[in-house]
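Each chain carries a letter (A, B, C, D, E and F) given by its place in the written order, and its residues are counted from 1.
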């Protein structure tokens, strides 16, 4: 199990399998898991190619080191799993692509509001990459397990299947499939911000005007948020075939639900990319254009 | 969708923008036909793709085209209220509003995309639209140049 | 849908269309380029693809090369797609495996002076079409029954004629008229210029016959409030405007004959500023009297003036650019007929368009009876002023004498435009009809299909299509009736298979498509749990809004799939540079 | 032998006597006898015609009545006279009131218009009364290598439905005779246009320019001469060539009345035809036999 | 045979009106005999290059109709045929049709053209207004329907080479005219029109000056399938005309020539041709001389405006008095008064196109008399009543459509064709009562 | 009022009337005046019009149709027609212009508007019986003699005097 730039939440979720770990762990031989087992990168590099049965890769490639780790994992693992939405779609870190790398460094270091005279560290840190490209642009993955984080249940299902040597069966449905709210098939009359009014707890949030991207999101979460009263923000990315542009789909869906005058829509939807591609900017078309732009800049 | 776009133009030739034009069958495609039969001349840059209705167009089609290297995308349909399918164009218009903002957010000049309404009898309007986006995109340069 | 996913074998046929395409586009090089495209096994160019020779060529080559996809690069598919679909079907290629490239309307005709770039564009378009062709799939050919009943919308002279013809031919008619009586504009006219009859004389017998006919059901004071279904099987709701009572009727065909409205030229020639400035329609509606009298005081009119092209022929003014066709002849006849009543009568005109049979004679008669014709300049229309005492003064320039003229008539008659009725937009929407610049409905083809529309099963007749006189409306009406009867007599008709389809496994029951469909064609299949969306194909008109809206990619729009569209974009943008030919073989 | 009352009109005897002479001698040669009308009066064309239609009818009517009294049809050799007499005859024949009015005046000298005499123009005599065949067989000295332009004269051929001389838009009689005589008839622009003569009174300048325009069009066809059938036209087309406005430095094109042209081909000598009187000498070309 | 009322109709004339009528009757399930005197159906529309006001290519839009007719199982096309006699009454007419010997067996000929290749006789092609050539065995135009060859016996030299060339033995030079007899319930006259013979206007120089042509010749000249392959040239010297003048109202609106009525189509076809001329030669200039521009149909006025504004066609209100030929250039000078300025103008053009009016076709009188159909003063078929029977003749069961009733443009002819079909099928469905 | 209506113009404008046209129509030869549709064929055909801007037969007809009586009668325009009838031959509405202009001349003449040359010529003709009495010189007489033609031209001058008395004394009367 390897980890690039990320919040470590996915592995946290793995740990959250709790008691089930007891049944799973004995079946595993952990060859590399920096935060859990004391193997170094050199160990991983030292294994023969394809000697590891399954690898889980969490996080996004942000640095040269991340990239090296990813490539090494690919070389050593027979099955490489893209683990979590960062790894699958760029995730939240992918939103960094809104700015070019210099802008990022400005915010983070040079003009950091809590540090004066900050500068970009240059020693003992891996070189930072100019842009976040989806991991699968660097290497091929065998399995994608999105989610921010993937639910423990999902992880368990996957791990169990892997142990049995069976294919991982994932339902292709979107969040709506799991949503218990009622649909009346009426178009949206006004788009509401989350702070507007009180939502009818039993009725589809979208129909009420609250932007829920559940219908454009893979429902591996089984409707966790929507059934809890919150709109879906799309953390599982698009449903299979998962390399669709989730944002484009969501906009198409929402435009259909809410054929309102454009001014009204622009007024209410100020940040469509953030709304609809929150976890998938790097793998979206617009994100792809941005990546190409940053790469070109480098040249 | 990740196929690398290729340059079709030679460096020393004058660069010509590549524009994907989605036209609805009932109004704008017919309008483009009429532009032809009326011998209205307009730039050669747009490649018209016929769709039944602008309502058929997900932003995906526009964004994918840009991603594949289109320098501009034109969407032309029936006037709001005149949709052959009642309201497809209203849906297209709403989608467009969000997409336009998104495009801007992503740092792509929104003048690369154009949504216009041209009925079957508005050949001139159609041709003007093609001319306009072509000229606009020419001004902006190749989509690649945005990151040069 | 495709049961046969055999390797695509595409034939490309590039049409010269005589000089039309070949004069601009290097068709030979286009055909050569196509030969090297993936899946293309045959490519050629030919003088006229639509000719018998061209059609035979396609058939021969399909057989010879075992082609299963055909791309014809010629004119607009709006013109010849049906022709070529039929051709490929004759050699057992499904009609949906044909694709047409528009090299004429979209290339050669609009890039006449740029042959090199036009040829580039042509090549791109052919490459795109070939890519699409490879992704095309078989679709079944479907027929539906046609109910033997026609709804005629509008009970004016055209609607009455259509109704009567269809009924006499032995089919049922539902006649819907929004007014409380039949007869339309014609019934209102005491004088039916340019004929000798009064409106009542013309329309009376028709109304009587329609009323009497047992096959015709009349709904007066009614409007179509809902229109659903498809050719042969429309479901119509007719709403009575006063009782609000709704009647549902199933019908097979529709004739829209909603006529026109005489333009009220407010803002022109001081219309409304004097009761003695009226429109030609108002003149025609004036009650019959011994003498022509002045509306203001009932005194006999001594001097009158007609002004032509009021609200017609105004370039750049939307809805008023067209010629209203009937007015010149009507004016000539009116002026001639009324000349005996008055001392002086003038016709101010731009062009005299007495084109119809016998109409030139009205024009000559008017002149013979000393009606003075005076042509005013296109860019300086007559000036009409109404003085405080009601005196009307017209000043204008007579182009032909080169002199300034002035006249003080008792009555000014404005030959105002024929414009669509004010609910035209509503009607258009109801029947999915498009309108042309003149505001009237677009026919299916302006030359050869003037009576049918792009909405299969819906015909148009009379002034609903364009400004027309009553006689022309009558001819249209019978013609439209023939079109309706043709469908009903056959009893069944082929319909498009380009409908949406839900892949139920992928459906997540988000209901987006249900909300999206303007025709209510998508419902949730309650048999399944959870219920998934389901397209009622007969109701689907193929707009594809649902396919675009479905966030799960669960909806396939047949013949317009995402893949079929995007592959074209890709073929345009992501080509590998053509390998340079290594000299001629 | 057919006989006609010859009405010379006012102008021919004075201004172009050679025309009168050549008509007589040529027609005689072709078997037509002419009797000069005595005690005639002006037909009233143009001038009286403009002031009073009735007066005009009376004047032309009297000329025809005179012929009637001679029991002969009228031969008019002047275009204007021919036109006047024919139109008036048409009017009198179709308007009994007018006819009565005229006859009232004529009665004073014992004349009466009854409509029995035909009015014919010279060209009609050639075509109808002599015939092309007869002309052809009478040719003894055919011309050769001669290019000639025919000028018919407005009042000779128009209005066609009344004068009934030739096709007004595409007249052929003179051309036929030119060809019969062995010369080449040349078509030219504006063949049926007016010579400008009638305009002389109101605006001589315009009249001249009209005539010169015709000369210019004819000259473009490289012709040797112009053949006329009306003395007014003949004189006008001759005179304009002497005008200051005329193109300088070019040879003048002889203008020849039809019988004067036909005469030599029939073997009649030049002098009898009065050719020596022609203002633009046609001898050289008429010698092309 | 006449006990059972016939379930079929006769359509006389295979132009666009007749074709429409035939299709509309046949689509109702009745049998139609479509009689056309030329070797192919298609009529005048087949000769036209583009149509106004959309500039659609005429053959392109007509061809599908032609093939629809030829494919229709209820339509029997009788080309190269003329109606010999008609007796009987509405519901049951007895018709005799003379089928002229075509010398080619229609059922066998595939239109391959081997025969024409062999034929040594070249004659002027009347379809191209005698500008181009065809062989003595020929099809009139590429889209001809039926696509079978015809021997033009007047010019055939009986050499028999075509007979040998034909691999299907379809040619029989001894073929005789035959007569076909059948019963029909209704008859539609759609015999169309012809153009006024403009040699009747010597002042305009047609037939006299090489570079004065008429509109239909112009259509063939700009037609890609025409004798010049669509190159607009002067027939006099092969030069490309820069300046073209169109002369209106020739053989139309002319009381003196016996055609007092407006021909309805000339204004528009000339504007269309003017636009096409500029389309062919963009740096040229085009003038139209007219008395009134009658752009009255749907989209016509808009087209007229477009011609003026966008194409820069110059319109002069004034009828042309005469056309004069320049001696060396072959150019033509027209005399006209611009009546809007009272200026007399002499304007030089490289090419003059005369717009002839529409007159009833040759044989209309004979046919009408033979069938006992009433004609109007101007020689067309008299419609029963403007409102009550615009497509009915004075003879019950006999209908009229298209230009047989008077000049009409294509959409009006098509509408009338459908209308006549409607009326005919009412008679058929009611058995003539 | 549409925006392109004529601007206020101080020029004296004429009030159209059909009276004059009716008057011409009543006159002999003037019957066809109402047939004119102003196509310009006559002007284009007219040689006078082609040589001078003063004369436009079509426009003259229109002025009559609009009732510009004084303007027409007091001008010399009606007298400029050569009566060559080329226009009539071509007129597609069968308007007989030269006869119409004769009719107008007659009206003008009755009201004393006669161009001098017309008046003097008429006076001469109606005095002498023919046109060229004064021009018939001895030289011409000799020529005639040489050609074998009558030298006594025998013109009657009695009748014309009667005509003058009856129809044309003091201008003319109808």
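Definition applied: a contact is a pair of C-beta atoms (placed from the backbone, for glycine too) under 8 Å apart; a residue touches a chain by one contact, two chains touch by 3 or more.
Everything quoted here is computed from the prediction, not taken from an experiment.
Novice: Once the contact rule is applied, which chains count as partners of both chain C and chain F?
Specialist: For chain C paired with chain F, the chains in contact with each are E, in label order.
Novice: Please flag the chain sitting at the greatest distance from chain A, going by CA centroids.
Specialist: D
Novice: When you average C-alpha coordinates per chain, which one falls nearest the overall C-alpha average? Tell me, please.
Specialist: C
Novice: Please tell me the distance, in whole Å, between the geometric centres of chain B and chain F computed from their C-alpha atoms.
Specialist: Once rounded, the distance between the two centres reads 70 Å.
Novice: Using mean CA coordinates as chain centres, what's the chain A-chain D distance in Å?
Specialist: From the centre of chain A to the centre of chain D is 110 Å.
Novice: Roughly how far is chain B from chain D, centre to centre by C-alpha average, rounded to an integer in Å?
Specialist: Roughly 78 Å, centre to centre.
Novice: Per the centroid of Cα atoms for each chain, what is the distance between chain B and chain E, given in Å?
Specialist: About 43 Å, centre to centre.
Novice: Counting only residues that touch at least 2 other chains, which ones in chain B make the list?
Specialist: 1, 34, 37, 39-40, 58, 60, 64, 87, 91, 95, 121
Novice: What parts of chain D, by residue number, touch at least two of the other chains?
Specialist: In chain D, 169, 192 touch at least two other chains.
Novice: Two or more other chains in contact with one residue: find those residues in chain A.
Specialist: Answer for chain A, listing residues that touch two or more other chains: 244, 249, 252, 255-256.
Novice: So, with touch as defined above, which chain pairs make the list?
Specialist: Here the touching chain pairs work out to A-B, A-C, B-C, B-E, C-E, C-F, D-E, D-F, E-F.
Novice: What does chain E use to touch chain B in their complex?
Specialist: Going through chain E, the ones touching chain B are 54-56, 275, 279, 299, 306, 310.
Novice: Quick one: which bits of chain C touch chain F in the complex? Just the residue numbers, please.
Specialist: Checking each residue of chain C against chain F gives 267-270, 314, 344, 346, 352, 363-364, 367-375, 379-384, 395-398, 400-408.
Novice: In their shared complex, at which residues does chain A touch chain C?
Specialist: 172-177, 183, 185-187, 204, 214-216, 219, 238-239, 241, 244, 249-250, 252-253, 255-257
Novice: Give every residue of chain A touching chain B within the complex, in rising order.
Specialist: 98, 243-245, 247-249, 251-252, 254-256, 258-263, 265-266, 269-274, 276-277, 284-290, 292-297
Novice: In their shared complex, at which residues does chain F touch chain E?
Specialist: Per the touch definition, chain F meets chain E at residues 35, 37-41, 43-46, 49-50, 56, 58-59, 90-94.
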